[in-house]
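Beneath this line is the structure, given in structure tokens, with notes to follow.
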Amino acid sequence: MSESFRSSGICPIKFPELDSILHLYQKTRAATLDLISGLGPEDVTPQSMEDASPTKWHIAHVSWFFEEFLLRAHAPKYRALDERFRYLFNSYYVQAGPRYARPDRGLITRPTLKEVLAYREHVDNAMTNFIKSGDAPLDIVELGCHHEMQHQELILTDLLHLLSQNPLNPIYRDQKKVDPITTPAPSWLEYEGGMVEIGHLGTTFAFDCEGPRHSTFLQPYRLSSHPVTNADWLRFIDDGGYQDPRYWLSDGWAKAQQECWEAPLYWQRDETSWNIFGLSGVQPLNVDSPVCHISFYEADAYASWAGKRLPTEIEWEAASPTSIKGNFMESGVLCPRPSQDNGLAQMWGDVWEWTASAYRPYPGFRAPEGAIGEYNGKFMANQFVLRGGSALTPELQMRTTYRNFFYPFQRWQMTGLRLAEDIV
Amino acid sequence: MSESFRSSGICPIKFPELDSILHLYQKTRAATLDLISGLGPEDVTPQSMEDASPTKWHIAHVSWFFEEFLLRAHAPKYRALDERFRYLFNSYYVQAGPRYARPDRGLITRPTLKEVLAYREHVDNAMTNFIKSGDAPLDIVELGCHHEMQHQELILTDLLHLLSQNPLNPIYRDQKKVDPITTPAPSWLEYEGGMVEIGHLGTTFAFDCEGPRHSTFLQPYRLSSHPVTNADWLRFIDDGGYQDPRYWLSDGWAKAQQECWEAPLYWQRDETSWNIFGLSGVQPLNVDSPVCHISFYEADAYASWAGKRLPTEIEWEAASPTSIKGNFMESGVLCPRPSQDNGLAQMWGDVWEWTASAYRPYPGFRAPEGAIGEYNGKFMANQFVLRGGSALTPELQMRTTYRNFFYPFQRWQMTGLRLAEDIV
Amino acid sequence: MSESFRSSGICPIKFPELDSILHLYQKTRAATLDLISGLGPEDVTPQSMEDASPTKWHIAHVSWFFEEFLLRAHAPKYRALDERFRYLFNSYYVQAGPRYARPDRGLITRPTLKEVLAYREHVDNAMTNFIKSGDAPLDIVELGCHHEMQHQELILTDLLHLLSQNPLNPIYRDQKKVDPITTPAPSWLEYEGGMVEIGHLGTTFAFDCEGPRHSTFLQPYRLSSHPVTNADWLRFIDDGGYQDPRYWLSDGWAKAQQECWEAPLYWQRDETSWNIFGLSGVQPLNVDSPVCHISFYEADAYASWAGKRLPTEIEWEAASPTSIKGNFMESGVLCPRPSQDNGLAQMWGDVWEWTASAYRPYPGFRAPEGAIGEYNGKFMANQFVLRGGSALTPELQMRTTYRNFFYPFQRWQMTGLRLAEDIV
Amino acid sequence: MSESFRSSGICPIKFPELDSILHLYQKTRAATLDLISGLGPEDVTPQSMEDASPTKWHIAHVSWFFEEFLLRAHAPKYRALDERFRYLFNSYYVQAGPRYARPDRGLITRPTLKEVLAYREHVDNAMTNFIKSGDAPLDIVELGCHHEMQHQELILTDLLHLLSQNPLNPIYRDQKKVDPITTPAPSWLEYEGGMVEIGHLGTTFAFDCEGPRHSTFLQPYRLSSHPVTNADWLRFIDDGGYQDPRYWLSDGWAKAQQECWEAPLYWQRDETSWNIFGLSGVQPLNVDSPVCHISFYEADAYASWAGKRLPTEIEWEAASPTSIKGNFMESGVLCPRPSQDNGLAQMWGDVWEWTASAYRPYPGFRAPEGAIGEYNGKFMANQFVLRGGSALTPELQMRTTYRNFFYPFQRWQMTGLRLAEDIV
């Protein structure tokens, strides 16, 4: 185990083999480039809202991460391509120096896309040699790859938001033809609760906030076997769910009024029917698909309307199978769609599922020292945990203990919900 | 037990005796009037910020509560003094009809204070007769009294905020002379954790959100015997705590920068020393008093700086003694001051203590049906729980299971903190 | 002529007699008190918007003006009642020292109304003696009186705005019964233009911005004999004037959309008719009255819709009779009403008339030195000139050369319009 | 004269010859393309603030103007390339149909730059044939060319603002080496005033707001022979001009405080000296150049500080020579620089000069009917007139009667000032 490993404090796991890490690095980096093929310099430059970032920035920032925390920190012979990128592509790591103001990321026209790709290649060459040299702290390399995977999903959700601002409804990629899948009627799955072990075991990669693994206690509960579908959501809309404050949290109601919410983000109504704008353009609403692009507030209101509740993240994790198989992102499959039922519960590959849990530290959690410690801990206020993984989530990000988190008003991610109820 | 009791769903407790409820009603109502003696019509009219309300509005609103949920709902012969007050003094009960916009409460110059006091008297007469008649649902009367006690503390904290806007530093009441109390050096109290029972037992009054009582599991932990003091906080300031983002949650840091926080609210620095503006005017900082008027963000940053953490509300409740004795609000004692050590932990009568817990429902919680169900449940997002009770908190509000809650950026309440740490 | 007169630079006019100035002072001060009789401490405390001020503040500020620019500056023996008022009741005179933030004026509950009236009396006693002593610079006394008259109208318009926020529609004073006056059909009055003399002659009081008197040149034009009436305005509304951007200035259209304007301020539509909220409460719309409480943007849009234009202030002044007679404010006559036709044009006593002229300095204008020089000059951007005088305007403020000015989006003043057109 | 000419109402001038108009069209269109050579797709896409537009949008919009008002309106056989561009590239012409929201222009990544250039070429082909056919209303073609010239300057000022957001200080084009020119000491030029004729004569092209030509009357005045220089401005800064409210209009002072102005836009101070960011990157401040990138508020404050005033637009026009010769924009000469003295006054080719005149209609002005009538008239509120022309202004835009206008707080244009004073 490298020194840096211990000092970074990222979940100490078994020593990752150099070859497998190199493979992970190369595969991850290639997957990112694959995502942007077909995008032009115009597409990758603007920023459509403060929450989102330009594709070009994502492309540069994930390289910056490797440069900052590996090449600059641990590779003495490394020569940076441009010292100014250190400032320009830092996202929020206060301890890694000053940062360019987030809302203005879309105003950086230079470096151009071509120049950013050259920067990326420069970092790739240095990283490949560094990993092969055996001197690289492999745990941080692995962290960087998972960091980049997170940005892969963000690239697509941010791009979708940007394209949605364009009245011409542009298409990112045509969706593969998929036969409509009939989602079976959802059933209630029972869990007896009691003492459970929650959190990452520490034998494979995980982010710091997924641990420490610890015991906790659960009351008996039920989970729906499937996420709520668009057909379900239409009933909520038709029943006046968006107009009835009784179902809503107070903050949620205020936000819904202010933003004039009356359907999920990207839903468009024409005279006769609902359509959805997605990465493959405007498509008719598939009523059998899980509902997507809803805020926590909407998820919570829906659950109240249905007389149920959201599951806690503990309930979710305790119920999740240890091995998973779902519909993972492949190029061209970009919208959530019903996956085959696995007999237990459809948990991955469609939508991230809002839970009832505020994003707070597990008992015993301490953020690692240094800039890497800013990865997760400092966001532990005002956000809610999502579990599972969406059609845009890379396969390696889909794990039982993964704690995704967003603000309760945010809707531009691939977010849906699953119902829960108490057994009384 | 009255019918209304069952339907209201407020924690079902033992039948409250008519006489004791009448006594509670009269005592509560008198205490409110006592608070405003000495305030003129000018003082009770304006609203200093959206979070606060005018005293006149508080005075009217707590009467509205009794009128709306008891006299209008259950006393058929009741005749309202003015039908328009039903709209004017509703706070947020959506199901009780439309409401006057909250930020504009300070613009209602009429009814005048005198007229509001007449309205109050009208309700008091009707309520007294109604309670004596034996027809009143006593649980709702009791709820109304506790509701009014909550507003008693708000009257003072909102008034303090209003007076603080006045460069003339006006005085609400002169503080009783109290000899400075030396707070003993804090000690660490150990708790072994394990399975614990949390939440209200249901034999006396409690708000709905204090239950259901339920089992949960705790890791071993320590609590400080005393809240953090002003002397402690000065060390945090002097060590640059307000200037170092490493200690801060990301949202907290953004807020602190935006608002230029560099000390608790109401602290004023002159050339040589710190003073505090309080209800008795500007006073020199008492370094032995618990620090007060800090946000959750500041509390959390302080704990990080100290290498500790905030306790969860479960840890706090599990550690609290079943019978309490503290410094409760008496007329003229308006600022937090060190209370005598009770051998275990100074938990009540100084400051509300921010906990690490987001305000979320307990397992099995369901809000009561109807407007009364809006009391607590709809606020269960984006807020943090505080435990204990302050120098301004009525004695009956001080109980082990009480869950106070505010947004993490709010500072105008009597808010402080106590440190915790893991036993590892 | 006193020294101060020359240094103040306020329009140098003939020496005002001591007795007449004392009479003016006493009459002006008494008129202000008369305005507030019937208002309680609650009514005079809050501030309903940033543009408006509390009555209590007005009452104090006009006294501050005499204290600051006469007693403190020129009466060596004067002893202030409270030094802190110097800061508290300064409005915008930068050179007179720091000021309390304007938007927070409604939060100053103390001094109370009673204390402010005592302050007023203190100043009155000192001022009366000072004037009688013969040492007072009488031109500044006269300026202070005219300053106070300006605030008399503001007291009423600000109070109206405050009361309008109250859903109970409170009444300031019952309006005197007045028989409906039939406004004669308006006629076009022709003016041949050519070289005209404009601006104050300097033989009686005027504000600095009313001069210097100077020559200018006018094309031939026509003015309507009467202001636009409510009946006219209803036709504009019914013809979709508020929905058609063709009639509107670009900034006006943006404002109208943002604020959802669809009628003048204080107009309330019920199922069958229009009512107006005024100082005597809600009254049915009098269609023969001049339209009131419209912004410049609305006035300009109306004129475009009518195929006419607003007159310039030069055209207005050149057409105005040298001696005037109108409906001036008397106690209890508070809403604009049709005045008798004077054969020439109904120019005073109903509404201020928006002109087409931006408020800019006359040729040769220089602001006086010192704080008094801030009176008018520094506001000469972004505002438009109004001419005439309203039903709330003190008689002495009604003069041919008076240049009132407000921002083009403001509507809470007594503002209407008169049409003009070119003779071609 | 074509029918459309009469109906458009744009200043009726002598019949423009078909050949000269075709030449004007081709030259104008080529000049625009020349401006953007060297800009990549990234540079032309984002929008740096609401006041500015992306280069790509400018390129498309000026073509839209020809398509909308000529090809669609008058060329029956014209086939649009893409019907959706009609909506996408309308700027503010309400009567030409709906428009895409201005602040979101930077989010339109598609059509790409290449596609926009194809659209431009499509319009060019159709326009060339249409002009040659003899059926085109030549006055509107000429208007479209002048419209495009206005956007040529905007392309560069908007681009400069965008590039200024980039901490890497990118360069648009290297400036031609120019020998420093010594500006002669300014002298005061006297004008006797009296009756003057102002406004466009109507024999060559002009925008509607430049007329009608009319008589007006001026007092005697002086103008400085040269604009205020950077050296002058440094004295204003050093004398505390930005910190002293006495010199400022009230609105100007508020804006300066809010925006923390302490120098013109694009000035950057390092330890020892001032630099300016411009289209050729960061350059040392040339103290002999006219000061540029100041708001009207700053210009007015400077004049107050200097004990002078701004000239009115009438004074400026009455003093301007009938034939002009200055430093006009050539490719690569992009920053204002001292031009040779022409013996009378350096009036064109450096900076636009803020005047004291609010932008209001001339006597007798009526906006043309229809969408073209929205060109100037609807902006006649809240803006101030600028006269002259800058180093970025096309030569044909430089004429005695041209009335440029901007809001008094705007600074991103090439704006400076010239001093005036009364002769008394």
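Letters are used for the chains, namely A, B, C and D, taken in the order the chains are written, and counting of residues starts over at 1 for each.
Rule of thumb we're sticking to: a contact is a pair of C-beta atoms (placed from the backbone, for glycine too) under 8 Å apart; a residue touches a chain by one contact, two chains touch by 3 or more.
The structure displayed is predicted, hence computed values, not measured ones.
Student: Can you tell me which chain lies farthest from chain C, using the average of the Cα atoms as each chain's centre?
Tutor: Measuring from the centre of chain C, the most distant chain centre belongs to A.
Student: Could you give the separation in Å between the centres of chain C and chain D, each centre being the mean of its C-alpha atoms?
Tutor: Taking the average C-alpha coordinate of chain C and of chain D, the gap between them is 38 Å.
Student: Chain A to chain D: how many Å between their CA centres?
Tutor: Here the centre of chain D sits 47 Å away from the centre of chain A.
Student: Taking each chain's centre as the mean position of its Cα atoms, how many Å separate chain B from chain D?
Tutor: Inter-chain centre distance comes to 59 Å.
Student: For chain B, give me the residues that contact two or more of the other chains.
Tutor: none
Student: Should the pattern of chain-chain touching be classed as line, ring, star, complete or other?
Tutor: Topology of touching chains reads as a ring, each chain with two neighbours.
Student: Which chain pairs here would you call touching?
Tutor: A-B, A-D, B-C, C-D
Student: Could you please specify the touching residues of chain C with respect to chain B in the complex?
Tutor: Against chain B, the touching part of chain C is residues 40-46, 48, 56, 84, 87-88, 100, 104, 106-113, 162-163, 165-168, 170.
Student: List the residues on chain D that touch chain C in their complex, please.
Tutor: 92, 94-95, 195, 214-217, 219, 245-246, 248-253, 296-297, 300, 356-358, 360-361, 363-364, 378-382, 408, 422, 424
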